[in-house]
Amino acid sequence: MKWTGAGRQTKAGDLVLLMGQRQKYHLIPLIEDGEFQTHRGVLYHNDLIGKPWGSKVSSHKGNPFYILQPGIEEIIYSTKRNTQIMYPKDIGYILIKLNIVDGSTVIEAGTVSGSLTQVFAAIIGDNGHLFSYEAREEMQNLAKKNLHRIGLEDRVTFIQKNIEEGFEQENIQSLVLDLPNPYDYMDVVKNALIPGGFFGCILPTMNQIVKLLTALKRSAFVKIEVTEIMLRHYQAESNKLRPTDRMVAHTGYLIFARSFEKNFEE
Amino acid sequence: MKWTGAGRQTKAGDLVLLMGQRQKYHLIPLIEDGEFQTHRGVLYHNDLIGKPWGSKVSSHKGNPFYILQPGIEEIIYSTKRNTQIMYPKDIGYILIKLNIVDGSTVIEAGTVSGSLTQVFAAIIGDNGHLFSYEAREEMQNLAKKNLHRIGLEDRVTFIQKNIEEGFEQENIQSLVLDLPNPYDYMDVVKNALIPGGFFGCILPTMNQIVKLLTALKRSAFVKIEVTEIMLRHYQAESNKLRPTDRMVAHTGYLIFARSFEKNFEE
Amino acid sequence: MKWTGAGRQTKAGDLVLLMGQRQKYHLIPLIEDGEFQTHRGVLYHNDLIGKPWGSKVSSHKGNPFYILQPGIEEIIYSTKRNTQIMYPKDIGYILIKLNIVDGSTVIEAGTVSGSLTQVFAAIIGDNGHLFSYEAREEMQNLAKKNLHRIGLEDRVTFIQKNIEEGFEQENIQSLVLDLPNPYDYMDVVKNALIPGGFFGCILPTMNQIVKLLTALKRSAFVKIEVTEIMLRHYQAESNKLRPTDRMVAHTGYLIFARSFEKNFEE
Amino acid sequence: MKWTGAGRQTKAGDLVLLMGQRQKYHLIPLIEDGEFQTHRGVLYHNDLIGKPWGSKVSSHKGNPFYILQPGIEEIIYSTKRNTQIMYPKDIGYILIKLNIVDGSTVIEAGTVSGSLTQVFAAIIGDNGHLFSYEAREEMQNLAKKNLHRIGLEDRVTFIQKNIEEGFEQENIQSLVLDLPNPYDYMDVVKNALIPGGFFGCILPTMNQIVKLLTALKRSAFVKIEVTEIMLRHYQAESNKLRPTDRMVAHTGYLIFARSFEKNFEE
């Protein structure tokens, strides 16, 4: 069941966001005869199935919960993971720069926990496709579970392989690397991309960027951009409007480029 | 003809990115028997139609051009406009926060020049739909032309109307306002959104945020967030890696919230 | 004894920075026959007095410590306080904008814990003078102790008074307010400043700035600037150069202006 | 005549800030019988000498000008230069981190146009001293002229020398390098500083920081910090409070460390 196709009422198989008091929320799949334990009491799934979105229900202790549709951001943050997730601020910009839209054909490597995988799958639709490479089996299995949870596994082909042997696809429009050493793979990236195709990656350190820039120029990529997205939160108080005290200062640098023929720039 | 559905070769009707020397580029639709004048010579469209993406062609003066698929970012920047466009850094984050994915049903007001309109249309696919409100006729016509250029008009219903009279839809998942006074419309926004639905807007000044926060709380929105996205570019030189000298310091603050029942927060 | 006048050797009365293993440090005044307890053992002050700066000494447990001169930043951070200190990033910019140099005559209100007081005193020298206003007695006493510790009390006159009654000085060059409601005092500020004198203040919220801008214009201040200083730290690792994960996102906005005759701007 | 020692009235030799309409200003030294041409008319210096600060005078065309004391920031921005100046945001933070206060003994290299030179001279007072090294004669002459303009030449010794031969002083408290290759001089820096002394430098690129970090660790510096100061300006309009559209994104990274004995960090 696809999480995004929901109508006005919940069905078994839907992923729902249960929001309790103080805006605390839980993300769970509805399963017939299921039970969900919270410290504010038990909720019976059968009481939740078939309800209009936005309905108010009560736990066995009488505490109120609201049934909401989860958004892609809540799905990212609730992704089971054993590594750092990619942040919404970075994912959003990658979508635009890599031209990820309905119908896009995309490669990503590595899959890691699958946070980017889920967003790509949600956007490319049934006419697009994502090929997701990951060398580590247990990592790939985790990503598969995460994708299964939102019902979008048909849009993704998982491939367990070390990409130094090359990608199995050609003429791909968009390709993103989430690996510590992307600079080692610029030639295989180029072979997989359609001429003019979109390349992007995220890297935490300046030392990695230096190496990547050298590799990108050697492999004749053009429109190379090195950027960084900073997100600042403000206190949402109308009479005390100010930034929050602390912020995430760094997640990674985003580097983008387009595949190209050699020796055009002379 | 949909810009995103392109195969391996160009066809009449496709939007193409012609990249000349020094990475200067032009975005044009291919028209049978058409001509395109550049200061590096004339290109005949019939020479461009039917070519594989990435092909090299020459102007009548012998200057090289490459035929590439345009990306959504290049489409945004080449949008004909009579106002400020929305920036990719902000659009990307809005996509995630407003849960704009394949199949989403979305309202935007105002349409303005249609930069957000085009990105939403490209992402929601044929299963989604966008209702785009704009009170000014000439502004709406411009947006229609921009959307027609990328062949996605079937995914958008344009409505010329002042939204203070209310939206014509209900149970909408996501709604974005790009207006100077969103705080005047919180009740009509609420009536259009499905309970739990996603609201967002962009505002340039702090004074506007103060008013909006008051209105959001009065209309019982929850999960209110005030944020700001800053984008920093770096020189893409491996031996002189540093930020560029100047940057855009401000486009607007992004405010997000979710529609909700009154009086839950007691 | 003035902390800044130190020769090549320590003397009783000097403030010293004792740096132990892992760069942990302590800031203490040297007192004849004194003892200093650390969890790495006891240090006897008499063993520290008369030593060249940079000397290595040992605790009774044999752990090494180095005797260094403290810098003004370490003094700020070790200031005893019952409120938020002002941060070095903001203080540094205030010094330049308010023209705090050798010989400056300055007013500050309130004194608070005296972190700005200490920096001003260290810079203005014996030819300058600082008048420091604070309404709360216990706060002023704390600031006096902090100033005494660095031996610069001769450069500061502490005045316990609510400034709405006005300042006792005239023709002052520079005046800084660290108060929540500076907008209530623009006329008394103007009476204290020499025409053209420098005004500055720090405010955490946008709502306060809005009020202050109105007050500054009403009282005919010119060259009004609203600014914000952001400090980003990087990991000091040559092979993993990147920003630290988190940062202080906000301390306060800095507002500067110069006192002026009324009605010049017509 | 020292610029900072001004009383309540102007004297021949004073540096004055003449502010005309629209807050346009000029920084000039008062010279007996001098004339100052502006496009709003001529001002005769004798009409300006002996006037109280803040006085209003008129050009021969009847346009009003106000006589103000210049601040250190206006002096920095009006420094005659043939290179990039150092920005107030960076200078302010350097003052705190390098412990530049009344009485400080400081080395800087290179002098360049002397913007930092002037600020240091204004702060250290007659009890402090600055040794300023510069290899290029014409650059040094420019800095001397700039320092002469503010009357502080007694506080600075200019030395024309390439610092790879070493500094002529020892036991210096604070030392700042404004050179492209500071990493080549860490041993001579160490020989000049008192143990525990303060070192700082400004560098535009990440590549230079990588080299410097290696050199600092090799020469046993401690408390190494790599930082960056960002300054954001806001529109000073109470009903349209927002950041300005564009900002300076980068001037340089600031690196600080303290000189130390070898091999303490084991």
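By letter and in written order, the chains are A, B, C and D; residue numbering begins at 1 in each of them.
We adopt the following convention: a contact is a pair of C-beta atoms (placed from the backbone, for glycine too) under 8 Å apart; a residue touches a chain by one contact, two chains touch by 3 or more.
Only a predicted model underlies this, so the values are computations on that prediction, with no experimental measurement involved.
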Report summary line: Two candidates, A-C and A-D; the one with more touching C-beta pairs is A-C
**Report entry** Same-site or different-site touching of chain C by its copy chain D, using the half cut
**Finding:** same
Report summary line: For the pair chain C and chain D, the C-alpha centroid-to-centroid distance in angstrom is 20
Query raised in the report: For chain A and chain C, what's the span in angstrom between their mean Cα positions?
Result: 46
Report summary line: Distance in whole angstrom between the CA centres of chain A and chain D is 48
Query raised in the report: Which residues of chain A are in contact with two or more other chains?
Result: 206-207, 210, 232-233, 239, 241
Report task. Report the residues of chain B in contact with chain D in the complex, numbered from low to high. Result -> 204-207, 232-233, 239-250
Requested in this report: Flag every residue of chain A that touches chain B in the complex, lowest number first.
Outcome: 2, 4-5, 8, 17, 19, 23, 52-56, 64, 66-69, 71-73, 76, 88-89, 91-99, 101-104, 119, 122-127, 171, 173, 194-196, 198, 206, 209-211, 213-214, 217, 222-239, 241, 253, 258, 260-261, 264-265
Report summary line: Contacts from chain B onto chain C in the complex sit at residues 206-207, 210
